Structures are given as C-alpha cells and as structure tokens.
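Common to both upcoming complexes is chain A, partnered first by chain B, then by chain C.
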Partner chain A sequence: MFPSPGLMAQSLLDGIFLGFLYSLMALGLSLVFGVMGIINFAHGDFIMLGSYLVWLIANSVRTDPSLVSIVTVPLFFVVGAAIYTIIIRPVFGKEPLIQIAVTVGVGYVLQNTALMFFRAEPRAVQSTALNLYIGLGPVNIHAAKLVTALLSSVIVIGVHYLLTKTWVGLTIRATAYDREVATLMGINVNKVYLLVFGLGIALTALAASLWMTFGQANPYIGTSFGLLTWVIIALGGLGGVSGLLASSLIVGVMQSLTMTLASPTISLTVPYLVFLVVLWFRPQGLFGRRE
Partner chain B sequence: MMMNIRKLLVSLLTILLPMLAGLPIPYLLNFNQYYILLALQSVIIASVALAWNIIGGYAGQLDLASFAYIGLGGILATELMINYNITPWLGMLLGSGISAALAFIIGYPLFRFGIRGVWYALSTAALVVILHESVIMVLGPYDYYIPFVEGWYYLRFRTWDNLYYFSLFILAGVIFLNLYIGRSRLGYYLRSIREDEVAAEAVGIDVRKYKLLALVIYAAILGFIGYIYIVSQRTFSYKTFSGPQSVYIAIIGIVGGLGSVSGVMTAAIFLKIVEEYLRGFLGGVLPGLHLLLFGILLIVVGVLRPGGLSTFIEPLLKRTKTRLMGGKV
Partner chain C sequence: MSNALLELVNIEAGYGVFRVLHNVSFKVCEGEVVALVGPNGAGKTTALKTVMGLTSLFKGDIKFNGSKINNVPPYERVKQGIVLVPEGRGIFAPLTVLENLYVGAYNEEARRRLSESLEMVFSIFPKLKERKNQIAGTLSGGESQMLAIGRALMSRPRILLLDEPSLGLAPKIVSELFEIFKKLNEEWKTTLLLVEQHVKNSLEISHRAYVMESGRIVLEGESSEVLKDERLRKAYLII
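Let's turn to the complex of A and B:
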C-alpha cells in the first residue's frame, strides 16, 4: 500500500525541517574536524546533555526552550574550552586511536552523567510558545519545526560568513590550511583551537535548544545524533557550507521517508547503509573533498 | 637444549597460568553461584577483549562492532538449539563461521577502499546499529529466554560451575591465539600497520590482506563465544547487538594497553570487579556510576599513559619470567 501524496508531502517537509537542524548539529563537528583534525566522538553526547539542561531550565523557570540557549551556549563554550585545554591538547599528535579513545571517554562520561541525574526516562519540555500547526493545503506545518529550520539555516550561513568574510575567520582558515605557517605568521594557534573547540561545543547547545522545541531528551539520542552528524560530514565532505546543507537535507529526508514508508524502528538503517556505500565509492564525500 | 625445554615450559605456563589460577576459584568462592556467575562473565569479557586485541590492539583498527559478531554467532547457535535441537558444540562453530563471513563481507570493501581511522570506527559503529534495527524487524521487540535444558549436549547446567570451567578453556585458547599471532609474522605485520600504515605498505606488506585476516579471526572468536555469552546473560534479543557494550570492549582493550595480553586481561577482570562492587553498593542510588568512572579512566589513560595498564604489569611479568628462566631471556 502506497501512502497518499499528502502524507508523502508531509513526510518530505518534516524531513527538510529536520535536515536543517541536522546541519546545525553537524556544523560544530565539521568545524572541529576540519580545522583541528580532532575526531570528536562525544559530539552527539553534548547535544544530548544540552537537551537535558534545556529541559531542566525551561521547566523550572517556565520559559521557551529556544530562549534557554542564552544560558547554555556560553556555558557550553566554557565547557568546550576547558575540555580542549585539559583533555584534547595533551593528545594532539598522538595515535588517532588514542585521540578517538579520549573523546569516546568524554562521551561515556556525559552519557552516564545524564543517566545518573536524569535517569533513563525521556523528557520533553511542557510549554513551548511554538507548539502550533499551520494548515497549508494537504500539509500541516509545525511552527516549532519551521522556526528551528529557519534559525538553523541562518546560523549555518552566519558561521559560513564568519569563516569567509571576517578577520577571525581568516585566522581560523589559515590555521586549518597549514598549522606551522600560520604560527610563523604570528597566529596564536593554540588560541584558535581553543576558540574553535569552544565554538564547536557551544553550537551543540544551540542545536539542543532548538531540538527541544519539538523533540525529546533521552540518554540515547547522543549516540544516534553523534553517528548521524558523522554520516553527514562523510556525505558532505569538508567542502564547505553548501555540502553540509545538502547532505544534512538528504539525511533528514531519507530518515523521514523511511519512517513513513517502512517503519520508525529502522529510521537509522537507511542513512547508515547509504553512508557505508558512499564511503566505499566516494571517500571524498558527495559534494566536497576530504584530505 | 635444556634452555629450550625451559623456554617451552615457561611459554606453556604463560598460557595455562590464567586457567590454573582460575580453576580453584569456585572452591575459594565456596560454590556461591552468584560469584561464580560473575567469574564466568569476567572470563567471557576477558576473552572478548582479547579477541578485540587482535584487530584493535595489534592492527590498531578501532573496531566498535564486537557485539555485532557476538550477537550474530550467539543467536544463530541458540536458535539452532531451540528450533532444531542442534548441539551448541556444532552451533558455536557455525556461529563462528557466520560471524567470520559477516566480517569478510564488511571488511573486504572497507579495506579495499582504504577506509581507516575514524571512518573505520564509524563504519563498525554503524554496523551495530544496522543489525540492532534489522533484528527488531526479524525477531520483534521481545526478550527471548532459552528453554530449560541441561547437560553437556546443550552446554547448560543447573549450576554455573561447568560453564565457568568451559569458559576457562576458551580463554586459554584466545590467549594462545594472541601470543601466537603476537610472535608470528602476522603479528609483526599488524603492529607495523598500527604504527604507520603507509610505511608498512611501502615496505611491501599487503596491508589489506592482513587487516582483513585480523578482522576475520577476531569475528570468528566472537561468533564462537556468542552462545556462552547469551547463556551467561540468560536471555537474548535485538538488544544483544549493543553499541555501548561494543564501545566498552574497546575501552577495556585501550585501558589494558594495545597489544598487551596481560594488560587487557587485568583490565577486563579489574573493571568487572569495580563494576559489580559499585553496582552492589550504589547501583540503586547512582546508576551508571561505574561507567562514568570507566570513562574518566579511559580519558586519564589516553592523556597520561597511552600504554595503559600494561605499562605497570609488563615489567613485573618480565622480571618474574627472567627469574624463572634462570636469569636469561
């Protein structure tokens, strides 16, 4: 039985909205990996912990989850900078396996901190101003998802401009291009890395705030978001913001269509299978190049 | 001539020592079934982590799919036993075969297309999720219990002692394989791949072939152990294909020390004891505390001592061994 065109359109639309949010989720990871070459396996767990924090704050002061980001984003920036200084900097230049292992350890700590404080129950924010639907022909547009998609794309493009049009962005790109020459040009590489890692983690807090306007927090979303964001980077390559957006939308739509056409239980299988096959045949990603 | 016999004896002792040390444990524990089950589980985890040591420790590939192979091999053997009354002795061999086949199917394209480092780790992590989700579609979202059958034919017993002794044999076998590979040509190839894959390829090592071989050996061991793992857990389901558990195995391998048999074994048993101790005392109050501590331990090891526990244990072992060999190595 094939679903009605209306249902298909709805599913497609939801997938696109989700895709924009995914691009924001993957943005921080892409920055950290692209500039520093650091493989962060804890990225998804930061989103997870951010979601729980949003739930905690939004419910206790009765405010909209998207506003909570005013608190969580600076907090996560500081946390990111601290993690960089204490944990990431000492493993620079060590075997990749040890680098990955350290971030896996960070992810483990975050996951089980969440489990300890919030138990394994899924949590959703009770009141959000955006929880209304706009009917548009056969589809219903969830305002929260629409706003999330709009804000995500604005931020992704904003960061793109930050990187390409500003002095700070030039410094970051120079460091990514050649660390040693950048040092010779008088760039404080360590400061750049601190900034980039802090920014990468701060962006997860923002993504978490937007996610909580319609989603749920549970200790396991960390793993699935972590893998999904890596899948997006693998598909998009490190070519730039257009590759990131395109691959995020593909993953979002793929996931949404799988849920509608097949079953929600296998919503991750399809993007992962595509990821495996793309990795085999186009290791540089669909849209960009990778070193 | 004397020296060679002595050397052989010492090598034999190294393999049999964990087994000999393990044999009297049920007596020491006064046949307390709860503790023997814990001992059985730690021996299984140690065997799994030592199998991981071949692909992760020697070859340096961060494999995060151990429970994909354990689940596949174990569930095959269990289903064969339940539905066709086929003895797990045969089922475990078939499980081992099917896991090795899966590893080949997954590993061949991965290594053929030069996927390594983070992309290898991600691919294996994705494999576990894919199997986890696909198995829900096949088995449904249920937990299955093994019907109560007893005897050596089914490798299931009223008490845990016999299975524990059986698992010691598996552990000895895995230790032997580790030491054998470690000293063979394959072991040197794998370690050179871990240190620098491009350089290894440049000196003429068939990197793809040996990585694939390491992966298949690892998967075959896990497929074999699968049935014993499921029996020790008393139940199986799609949840057997567990991502976090697979990561946990890699943590043991790294905390123990890449490529170090004694380190990995110590880490497996030590972490199991810590886990049970903390679960017993604080499990109701702070679930996940032991995992939190393991995470911190992994970070500390990675940052301060990438050699892991083996940097403490191996010098100690070497000294003992030198003494046993009469002052010469």
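Let's turn to the complex of A and C:
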C-alpha cells in the first residue's frame, strides 16, 4: 500500500519545516566548533534544558513558547559566557580529550539538573497561539511549524550575514583561522571566544523555544538533539551556512518521509544511516572542501 | 640619539621555563630603522615576540614611549602602536585581500582612519589594489609579504617590527622589499625594527644595528660601523 500524493506532500513539507529548525539547532554547535575547535558535547543538553525552561515559563505566565525566548536567549548567553570563563577557558589549548571531558561533564550536570527539577516526564506547553492549521490544497500547514521554519531560516541567514558582512564577523573569522596572528592584529581573542560561546548557547535557547511550539521536552532529547546536530554539521562538512542548511534539510526531509513510509522508530535511525553512507563516499562532508 | 621609542633593558625571556634571551638590551628611537641580525637560533624572533608580550618574561623591563609595558597584554600593545609582521607572514588565507587589510585596522583609532590608511597602503603596494577582492591564500609569496606589511600598516603603527620578511622570496623581490622599507621610513616616517638574514641589505638600509648570537647581543653600533666589523664580514661572507 503506497501513501497518497497528498500524504507525501504533507510529509515533505513537515520535513522541510523540521529541517530549518535543525539548522538553527546545529548553528551554535557549528559556530563553536568552527571558531574554537571545541566539540561541545553539552550542546544538545542545553536545548533540552532550554525546552524545560520554556515549558516552565510559558505555562506559569500563560504565554506562547516562542515569546519566552525574549527571556531565555539573553539568560543562556550569560550562562554560556560564564561556562566559557569558568570551565572552557582553563582547558583551552589543552589536549582534546580534556576538552571533551569537560563538555561531557557539563552535559551530565544539565541532564541531572533536569531530572531533579522536572523528573523524567515529557512536558508540553498547553497553550500556544500558533497551534492552528492552514489548509492549502492537499496539505495542512501547521502554523507553529511554519513560524519555526521562517524564524530559524532568518536567524541562520542573519548569523551568516553577521559573520561575512560585519566587523565582529571579520574578527571572528580571523580568530578562527589563526588566533596568534589575530592577537598580533590587536584582537582580544578571549573576548571573541566568550562572545562565540555565549552566542552558541544563546542560539540553543531560541531553538528550544521554537521546538516547544509543537514539540515536547524530556530529559533525553538532549542526547538525541546533540547527536543529530553533530551529524548535521559533519554532513555539511563545515562548509559554512549553505552546507549547514542543505544538510539540515536533507536530514529533516529524510526523517519525515521515513516516518510516513515506514515507522517513527525507524525514522530516528535515518540521520545516522544517511551520515554513514555520505561519509563513506565523501569523507569531507557534502559541502566541505578537502584539506 | 634622541630619546627611545622602544627600549628593552636587561631582558631575560623565553618559553615556559626555558630562557632564550640573556641580558638583552636594545632600543629603537622614533624615525629610526634598526636592524637585528644574527644566525638562526640566536633569539631574534624571541626578542620580537618578547616586545609583543608573547613570551615568558623573567627579568628586565620593556619600555614603550617612556612607560613600562611588561604586563600589558599583546592586543593592548598593538593599540599603543607596536605591530609585528610575523615570520611566515601569517596571512588569513580564506579571507580576501581587502578583508585582511580591514583586520589590520581592528582598533578604534585605526578604524576611524580606515579609508585614509587604505589609500596609503594601496599607494605603497599597487598590486594589492589590483587584487583586493582575491582570496589571500592565492597570492604569491612576494604578494603575501606585501599584504602582511600592508595589513600591519593599516593599524597606524608607531613602530613596525618585521620578522624575516624576505624569507623564501626571490632575489628580485627581496631587493624590491628593501626599497619599500627605505621608502616607508623616509617618506612615511615609519619607525622600523628589522630582523633579517640578509645581513648586508639590512645594514645598508638601517641607521643602527645589533648583532645577536646565542641569545645575547654581541655587537652594536651605527650600521655603517657594524658593516666594517671583520668578524661579522667573515661570518656572513660579506666581501
């Protein structure tokens, strides 16, 4: 039994919406890795904790999850800057294993904090203004997902603009390429790292509040989003924003289609299968340059 | 000589716990070209890095413009007007030529004078203007060295430190480069501290010189005098 074209179109559209959100989720991870060379293993757990925080605030003041980001984004920037200063900076330039250990440690702290305060129950925001459907021919557009996709793409393109067209972005790119020479140009590289790490974490708060307009928070989404975003940036091959967007959309669409054609359980393994196959043929990623 | 712009007094410095420089003192006055020459491993690069604050300083003082800068972080020293063109040029390869120059003008004061500085750099290095939108990684060796110097000039330095600028360049380009140093000093009034292996060229364009060996200053004086030194002439085969 083959699904109807309408169902396929619906699935494709949902996949595209999801893909844009994935690109926003992966953006902070990509930025931190690209500039600082650090794989932040706690990245997904920030999305998880952010989601719980959104649930808590949105339900207690009865507002839309997307609006909660006005509070959580600056808060997460400060948290990110503090974690950089207290935890990352002391091990910066040390062996990769130590850097991995500290970010894994931060991830565990976040997970257990969530378990302690929110227990292992899945939570969803009760009232969201965006929970309505717009019929368009054979497909129904979920307003929450549409807004999520639009905002995500605006932010991803905005960060691209920041990196390529502004002084701050130029400073970040110069530091990413050669921190010692950047210092010789008068750049305080520590300030750059603080900004980048803070921004990387702040972006997870935004992704989390968009996720909560239609998704659920549970303590394990941290691990799955963490892996998923890592797969996305490895697939994109650190080829900048275009690579990130393309690989996010591929993963989102593939996941959504398998959910429709096969089962939700199998769809969870799809990103990793795509990942294995692609890296088998193109180890530098889809859009990466071979070094 | 007039009062010193940059002065190192009895410096002991190195990396980690290793001392490379032993009791090194030298000075550079405003408007001067000073050459720092010596064999490989003599500590010339370390001396420049020490001026920038990139080494461990164990003893002695670094003074700039009359005040002690021992504890001033490297990026602040750049702001005060000390700029190093590092060995190997340190071009930001993925950035365009123009973007590289912009990074050079990072500090506020330099940013205010951006267009004026850009015009100056393009008039000294017309090649850079032709290639301003090119990715810097695609430049030839000579062009990247010019970009590295141009980028340093963008920050409007009071003193420019050059570490082996002629390394790996063709002889014709090397003489062009030395002409540019002369011009920078005479026309643009830039103070230069030049570390070089082309000893003869360096001594010919500089006012004063210091010769380093095994982390110590072994000879110093007016460049014309240093050039006459028998030992030096033998060591560097200047005939």
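Keep this in mind: the second predicted complex is superposed on the first by the 288 of 291 C-alpha atoms of A that agree within 3 Å, B and C clash if a C-alpha of one lies under 4 Å from a C-alpha of the other, contacts with A are read in each partner's own complex, and residues count from 1 in each chain.
Keep in mind that, in the parts below, a residue touches a chain if its C-beta (ideal position, glycine included) is under 8 Å from a C-beta of that chain, and two chains touch if they have at least 3 such contacts.
Every value quoted in this text rests on a predicted model; they were computed, and no experiment measured them.
**Q** By the touch definition at the top of the document, which applies to A:A101: first (chain B), second (chain C), both, or neither?
**A** First partner only, chain B.
**Q** Report for A:I16: first if it touches chain B alone, second if chain C alone, otherwise both or neither.
**A** It touches nothing on chain B or chain C.
**Q** Have a look and say if chain B or chain C is in touch with more residues of chain A.
**A** Higher number of touched chain A residues: B.
**Q** Regarding the shared-chain residue A:V91, is it in contact with chain B (first), chain C (second), both, or neither?
**A** In the superposed model, A:V91 contacts chain B only, not chain C.
**Q** If we overlay the two complexes on their shared chain A, which of chain B and chain C does A:L56 touch? Say first, second, both or neither.
**A** neither
**Q** With both complexes superposed on chain A, which partner does A:L146 reach: first (chain B), second (chain C), both or neither?
**A** A:L146 contacts neither chain B nor chain C.
**Q** Looking at the overlay, does A:V181 come into contact with chain B only (first), chain C only (second), both, or neither?
**A** So A:V181 only meets chain C here.
**Q** Pick one for A:L170: touches chain B only (first), chain C only (second), both, or neither.
**A** In the superposition, A:L170 touches chain C alone.
**Q** For chain A, which residues count as touching chain C in their complex?
**A** These residues of chain A touch chain C: 167, 170-171, 173-174, 177-178, 180-189.
**Q** Which bits of chain B are touching chain A when the two form their complex?
**A** Residue list for chain B touching chain A: 56, 60, 62, 109-110, 112-115, 117-119, 121-123, 125-127, 129-130, 133-134, 136-137, 141, 194, 243-244, 247, 250-251, 254, 258, 286-289, 291-292, 294-299, 301-304, 306.
**Q** Please give the residue numbers of chain A that touch chain B in the complex, ascending.
**A** 39, 41, 86-87, 90-91, 94-102, 104-109, 111-113, 115-116, 119, 223-224, 227, 230-231, 234, 263, 265-269, 272-273, 275-276, 279-281, 283
**Q** Applying the document's contact rule, which stretches of chain C touch chain A when the two form their complex?
**A** Within the complex, chain C touches chain A at residues 52, 54, 73-75, 78-79, 83-84, 86, 90, 92-95, 99, 102-104, 106-107, 111, 151, 155.
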